[in-house]
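Sharing a structure below in structure tokens format, with a few things to ask.
Note that the chains take the letters A, B and C in the order they are written out, and that residue 1 is the start of every chain.
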Amino acid sequence: MLKNTQPLGQLAALLDAELHGNENLSITGLNTLQNAKSGELAFLANPNYQKYLASTQASAVILKPDMAKGFDGNKLILNNPYLGYAKLTALFLNTSPSQGLHPSSVIHPEATVASDASIGANSVIEAGCEIGAGAVIGAGCYVGENSIIGERTHLYANVTIYHEVTIGSDSILHSSSVIGADGFGFAPDAGRWVKIHQLGGVVIGDRVEVGAGTTIDRGALDDTVIGDGVILDNQVQIAHNVRIGENSAIAGCTAVAGSTTIGRNCTISGGCCIVGHLTLVDKVHVTAMTLVTKSIRQPGAYSSGTPMSESSVWRKNAVRFGQLNTMAGRLKVLEKITKTD
Amino acid sequence: MLKNTQPLGQLAALLDAELHGNENLSITGLNTLQNAKSGELAFLANPNYQKYLASTQASAVILKPDMAKGFDGNKLILNNPYLGYAKLTALFLNTSPSQGLHPSSVIHPEATVASDASIGANSVIEAGCEIGAGAVIGAGCYVGENSIIGERTHLYANVTIYHEVTIGSDSILHSSSVIGADGFGFAPDAGRWVKIHQLGGVVIGDRVEVGAGTTIDRGALDDTVIGDGVILDNQVQIAHNVRIGENSAIAGCTAVAGSTTIGRNCTISGGCCIVGHLTLVDKVHVTAMTLVTKSIRQPGAYSSGTPMSESSVWRKNAVRFGQLNTMAGRLKVLEKITKTD
Amino acid sequence: MLKNTQPLGQLAALLDAELHGNENLSITGLNTLQNAKSGELAFLANPNYQKYLASTQASAVILKPDMAKGFDGNKLILNNPYLGYAKLTALFLNTSPSQGLHPSSVIHPEATVASDASIGANSVIEAGCEIGAGAVIGAGCYVGENSIIGERTHLYANVTIYHEVTIGSDSILHSSSVIGADGFGFAPDAGRWVKIHQLGGVVIGDRVEVGAGTTIDRGALDDTVIGDGVILDNQVQIAHNVRIGENSAIAGCTAVAGSTTIGRNCTISGGCCIVGHLTLVDKVHVTAMTLVTKSIRQPGAYSSGTPMSESSVWRKNAVRFGQLNTMAGRLKVLEKITKTD
């Protein structure tokens, strides 16, 4: 297994960090304070982990100025050690995507593939596609007619892109994700469903991440739009004509129904459902498993649901939930009698 | 990008609509009133959008008789404009599935493939399969032993069909959907799980739509059965031995547990869980994120959950949920004291 | 369609069951009492089905000693008929995975593949992989660099394994599952997200089952770990650095967020969300659609949510949920007035 090593001085330069110690030290990887082995660079971001600083086996540590004094080892001093760690992770990747056009890939003669793009084994690129410079299409991927994959965008293995989908540059799509399948549009007709073929596309911006198994449907007439810098976790479902503003984040297993607009810098936790035709403004935060049934006009945090308890206790309270309206009426009667209302 | 154009008179004939205006007008596409460009046909179904009628750039509009009077442009008059729009969408599709048997596909010599069926690149058709007339198997699909794909049924890229699965005609399966994986059946044995190999199959009817990433498990002994005209959105999970009646619809991310029967013309919203071994009669409607834990014997609408609010407000109410049974007891005491019980 | 037949005596021997009747009887399949046809072996595990015993068409029945007296047909007597049925299912599978290395598969010269392993059509095995004895890699699968697939482990079609993933022996992974995609790790930086490349791997034990569409992310620095004998249903999401203890079971559409540890012999029902950085001890049972927001230190059953009712009734109670804290205050006032507090 190939592992990269990096001199500590070079890492300091990359982060613009103050280095105390041996700039020639070879760093073999990144780790937490408590798990780091000799040769590794650790970081101290959360004060709760300061207790591990004295005994860490790390060969160097990234830490904040105020925590640096008490540590005599090799160190990189930064105001935001967690961000520093994030920036260094790209240097220690232990995989290298295959290069060039694999002979088993099926590339339509009317597709345009940049000379330095990689097309994996058994992948299929249809007519009219444009695959940008440095883009990586993994094994078994499918890119439908007239779709555009931006520069340096990486599709891991077995991603499916339908026709007329545009993806910007520096984006990452994980395996089994599906972009551009039909939105769930049907007109009722005497007890049957008549399919509304979905004629819009999908437009995904730059620096977007799409998790494994996530699905983003094509629009009915207009496009579904995912803004620059949006990050979607695994098994997220984005319905037709949804619009998500820049740098918003959606955690795993959340579903956003059709024609809903989510603003910028929102964070939607896992397991939520946001129903259709709503608008959420910028900087809305929704906690896990919340059902959003109305538009949210003010930034802030929103929730629904009930707290967990032992099932035996929960069952008694849950029964009372079904009596809540009656209980409210009884309370009102008592208040009348006692003249407290 | 290829776009079809259609003369307005032909569209009127297809819908059996009353045409006022230029029957030779070339229609280049469909759109909403507010977004339509010259050459496009728009529709007015929802009265809320009537305000856009005067200023629409559409070259023609589908509308109801009572709304037709106030519009002087080219028009198609129909009682159900939304249904009319739905029926026309198939004419304006901007993709054409590849035709014939792709040389990179792997078709077992003991499979039967209709002469006009299409088998996409890098797809695999196993022994004993029957692929019907006009069926389209997308790139990278897998169809297991003895499975049957009906006439004109379309599997988009990267669909997986296990062995002994039967799919009717005119159905659509979207990418990453999986039909016929093992149901989740295990017998406990001294703290371990003994796998119950799943010996049943899956039977899917005609005109069924299966969304991207949706999974339908094979039965334990009998088959899992999806009725004609059923529509399943993305990331729906259908467990073993479930039976879904004709023309029922299930929205995204809903899970139906094992051996549950859902009637005809039901609509189950997104993010629901329906537990196992239940029966839902015909025409049951379940709202988003509802947990269905008992059979539903009467048609109607059903819900569970709590409404969303700001997290700070929600937290206070949620704490009280855990005290509900106690509160009910305290209310009872008060009623005794005040003799209102 | 190939079906195996087995002499009844051999099945009795395999189960160590007491046989009454014809040991040479050819058993053609397994079925329930009510659906069995001649030639089939049925089982009676649940007393509710005893009513079908007299009229069953099964040629033999597995039953408990106390139920055996009233049945004169061929029978296998066992203390746990359901477990007996489970153990026999493997004999009646009606599919045979293809054998050998398919010529269309792409196997890197630096991969190690056991001589009796099967590699399906159009699958891709990258450099440094080890595919164990008797392992079956289905069509269209992808196994990334340096990943290890244990002996007799079966990947169904279109499974994706990223790099540096280790899977034990006798495990089963269903289609569209994805093991080792990036965990959802990002550091905020002035309103943007900086990707934390995920440098850990995934370690999956022996006898693990992974359902269709299930995703298990690689760890940020350490590995994500799935213990021996764990069973995961379809569309389960396991985030980075989660650890699941031996023989735990998770039903469909449940999500477990990052760095949470689940003990041994837990059962998590469908549609749950377990938030990140929690610990659940052994033998915890969580009911369907529960949101787990805090660690669980005692074995037992846990729940959240509200019961389902007709939407019209539910709506009234749900409104009251939003007034619960006020109602509690009003109750307190009443208690003060009536001096019951």
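The rule we apply is simple: a residue touches a chain if its C-beta (ideal position, glycine included) is under 8 Å from a C-beta of that chain, and two chains touch if they have at least 3 such contacts.
It should be emphasised that the depicted structure is a prediction, and the values quoted were computed from it without experimental measurement.
> Treating touching as the only link between chains, describe the layout with one word: line, ring, star, complete or other.
Graph shape here is complete: every pair of chains touches.
> Have a look at where subunit A meets subunit B and say same if over half of the interface residue numbers show up on both copies, different if under half do.
Under half of the interface numbering overlaps between copies: different.
> If you average the CA atoms of subunit A and of subunit B, how far apart do the two points sit, in angstrom?
Computed from C-alpha means, the inter-chain centre distance equals 25 Å.
> Going by the contact rule already set, what residues in subunit B reach two or more other chains?
Answer for subunit B, listing residues that touch two or more other chains: 104, 122, 140, 158, 176, 213, 235, 253, 271, 289, 305-307, 309, 319, 321, 323-324, 327, 331, 334, 338.
> Residue numbers of subunit C touching subunit B in their complex, please.
1, 29-32, 35, 80, 82-83, 85-87, 89-90, 92-96, 98, 102, 104, 120-122, 138-140, 156-158, 172, 174-176, 207, 209, 211-213, 229, 231, 233-235, 247, 249, 251-253, 265, 270-271, 288-289, 305-312, 314-315, 318-319, 321-325, 327-328, 331, 334-335, 338, 340
> Could you please specify the touching residues of subunit B with respect to subunit C in the complex?
Interface residues on subunit B, with respect to subunit C: 104, 106, 122, 124, 126, 128, 140, 142, 144-146, 158, 160, 162-164, 176-178, 181-182, 184-189, 191-199, 213, 215, 217, 221-222, 235, 237, 239, 253, 255, 257, 271, 273, 275, 285, 287, 289-294, 300-307, 309, 313, 316-317, 319-321, 323-324, 327, 330-331, 333-334, 337-338.
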